[in-house]
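Both complexes shown next keep chain A, but they swap its partner, so chain B is in the first and chain C is in the second.
Entry: the complex of A and B
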């Protein structure tokens, strides 16, 4: 069975851990425990009929300088940059993160995930923000770990890109 | 090809001339070429020559072969792929031809591996035997059974808990870069969460540490309660062990060795790893070397019980073999004694003695007078039965002959003795008839070779004696020259013998109450007329009669002698002797009382 490493990146409390839990265990909790270091999880998905073992690395988001510990990224096949639609600063953080990533990961499959779509009425993204996203060349998908909207799809799409 | 310039040819030119011309032509062409092409032409020619000549071609290739191989190997694996079949086949051929070089080459690897494997198997067996003994037999075992029962866990669990020093429950082989699980082994123990996740986490933790402390140093060990995770990290893979209890340092060394081995033998697979772990299933035997465990005290100290049991068993076996051997030795010795004493025994001949089926077997010859062979069996009986098979035979051994002689009814007053050479000595007094019968029957007693009767006094019966004397007298004859009827001086001894015999006869006959008369009979040959011869015969008889009566007054007085002359005709009928013997006188005994004549 093929194994693929996928990293969850994004600043603190955007819902990385929540997305993984929704995807792997189909549960959601309002409680917030910030992740320390890395939490690794696994889910087997089908891609082109073959099972693929996805190793999901949920990496802690708290870093003021938007640096990523490069060690965590070794051997990754794809990543999700998660931002919280209710907090425009998290979008900036995502963009900063990507630009800080080593050049080796420029062409690695990835999406920009705008999470908490269930709180759409609280989203406060400006036109400038949308522009920023477009100029950074992201493919954007909005998800909700709470309702499960697009969660399955975002991972499936990423796996399709990888293979 | 020999390019030649077109030229006018004289038809009469010789072949040699032609070739000279051709060479000349070639040289011209060549010089033309070299003018046009300059120095390049020479080089071109050199190159084409080298390419066409197989020797040169080989030389060219050989110069760059190793470099080419190196370069191609660096680029991709196609060389290995295309060579592998050739190498396989040549290996096969080489082994078919003579396996010893290959055997020699791999021996240094295989030898230690086998030894190690044997040693480890033996160690394991000893350990488990020892543990079984310790736990199965000791007082502590009962204590533990009780305590296990009281605390509501199974005895097996309790024992493991109590005796475990350490046990490697899980072995992870992890790809260092991605944290992907390459292989995983577990030996019981708690159900660990998904090993893939564990392997990822272990990698992440290591990444975290090296990142946090900004060092290349990796975590070796971390503990949680009675569990320990030992990690050794290599450039491409790492080996993590989940250990219960406190492992010895040697485990870490083993772990390092395993990691190095895997890097050595799977370097290609590790370098090319793209997320597919199936290539690493074959690492299982290496990882198994890490699945170690130890219970209770260190094996060296605690093994003495196992050794003791083994030694005890060996000693028992040795004792058993020894006593059995001694027993069989003893039996063998007894048997030999029996056989040899039977062999020595007179009247018994052992033809074959040995072991057959489930017992001893003796076959041979036995005289009726021989001792019963079963009496030779020792009091401490033989362990196995004896089967006898005797054929009858007659022994001539002195001992047996003596037994035979004992069966003879000897008359009173006779004693006998048989010496070692088979001479029977008789002494005492016996009657002639018995003696004669005895002589006859001695022939039938084997072992009695001859008779010594010098000490034996043989008493003759009177009748017998009489007949003997008659027979003796009948043998006495006196011979005369032709025509003579006178005895000479030389005849006197004969006359005396005859007188003695006749006197004895007369005496015996008188004793027996017999009346005998002795006829002195004269004979003559056929020469001359019958009447003359009868007269001559009468004269001869009278001459002898007178001579006897002169010698014995007794006989003269009794007058038992009478003479008569016979004609040769009579003699012819009676005897067919030579004529000389007919000029004689012989004697006849006539028993007047019984009308007995002999």
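Entry: the complex of A and C
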């Protein structure tokens, strides 16, 4: 069976682990439990009728406590840059992460995931933020790990791009 | 390998030490704790053998780096960083692997992280929660500041509407002056706050005219000497109206009002000061005001072509205008033109919205 490595990237507290848990185990917890280090989960999905084993690398959020090691990205087939729509700083972090990624990964399939769409009324992205997203060349998908909105779809679309 | 790590190894039951053998194996040198078989489902190549290709994905990734450690780099050490492995009995467990060269042999140490790490985890959990709260508070403060600023804008807008009703200054003119000045201030490297202040303060430069009697302000013909003398009091009138405040935008507006008819060579009024004695904000406004007045039609004059306007103004550099500020103005002339064409008189009340 084909294996594909997908990395979850973004600053801390944006919901990377929650997205993986929703996708892999169909569960969600309101409690915030910060990830330290890396957790690798597997999920088998179908792509063009063939099973593909996704290796989901949930990497600790990059912030002032933690810097992502570039060697964690080795063998990367695709990645999700996760930001929290209620926190504009998380969008800046996602843009910065993308620009800091080694040139080898610049063309690797990826999406900008604006998570927490269930809190849409609390989103505070301004016109300037939307402009930043556009100029960074992102394809954006909004998700909610809480309700499950678009979670399956974002991974499925990424797999379609990878294969 | 540092001493504290070695000491930790000797004291801890939570480590497994392996050495590199024929590819694809590592050979275990220490007894295997129970948790080890949660990581390594079985020792395929015989007891004590860890097949690299069957190791957990995180560890496999680390092997790539570990195997690159030069055998002659005795004592050199690399760490995998922390990874999480799900255990049926204990839930999430944390591990870290280190690789080193000992006696020319590559050694791998896998450590299950214990109470020290749990404490560190708790500390970071608390710190990140605190950061989230701080971030939220900062957002709220920014939001409130924005609301206060919007209220200031609204008040200024109404003040300008009241003063503008007396003479022929259009709402678009005052809006453009603010935006031109903001553009020049930006090019001069002002802070965001100062740029925002001049955007709001500059349009108030002529507010003192509200204190000039109508028969002078609105007189269609030439003014007499006495009438000019009265007319020339408007900078001070404006400065008084706007002064005596702790609000930065009004302080700047008061200063602009007082000095915007001063000239760089000292031949202006009301004080006759020159050069850098004139506050920079007022020197910027002087240029923006003249440019906009000349390139637009007024009831008493035709619009002057922009090229002629810039030539006329260039001739006044060092006399009326500050040379550096005028150069800066020219350097952002494209943005100035965009502002100009996007802000023609619309008779709406959105005077100052950028």
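Keep in mind that, in the parts below, the second predicted complex is superposed on the first by the 159 of 163 C-alpha atoms of A that agree within 3 Å, B and C clash if a C-alpha of one lies under 4 Å from a C-alpha of the other, contacts with A are read in each partner's own complex, and residues count from 1 in each chain.
The definition used in the following text is that a residue touches a chain if its C-beta (ideal position, glycine included) is under 8 Å from a C-beta of that chain, and two chains touch if they have at least 3 such contacts.
All figures in this text were calculated on a predicted structure; none of them were measured in a lab.
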| item | value |
| --- | --- |
| Three-chain arrangement built on chain A, chain B and chain C clash or fit | clash |
| Partner chain(s) touched by A:53 [first = chain B, second = chain C, both, neither] | first |
| Partner chain in contact with A:89 - chain B first, chain C second, else both or neither | second |
| Partner chain(s) touched by A:4 [first = chain B, second = chain C, both, neither] | first |
| Chain B versus chain C as contact partner of A:131, first or second or both or neither | neither |
| Chain B versus chain C as contact partner of A:120, first or second or both or neither | neither |
| Which of chain B and chain C A:75 touches, first, second, both or neither | both |
| Touching partner for A:34 - first (chain B), second (chain C), both, neither | second |
| Partner chain in contact with A:12 - chain B first, chain C second, else both or neither | second |
| Which of chain B and chain C A:67 touches, first, second, both or neither | neither |
| Colliding region between chain C and chain B, picked from 56-64, 92-100, 110-118 or 254-262 after the shared-chain fit | 254-262 |
| Chain B/chain C common contact set on chain A | 5, 37-40, 55, 57, 69, 71-72, 74-75 |
| Of chain A, residues touching chain C in the complex | 5, 12-13, 32-40, 55, 57, 60, 63, 65, 69, 71-72, 74-75, 87, 89, 124 |
| Of chain A, residues touching chain B in the complex | 1-5, 37-42, 53, 55, 57, 69-72, 74-77 |
| Contacting residues of chain C [partner chain A, same complex] | 56-58, 61, 64-65, 81-86, 92, 94, 96, 117, 120-121, 124-125, 127-129, 131-132, 135, 139 |
| Touching residues (chain side chain B, partner chain A) in the complex | 175, 177-181, 194, 196-197, 200-201, 203-205, 207-208, 210-211, 275-278 |
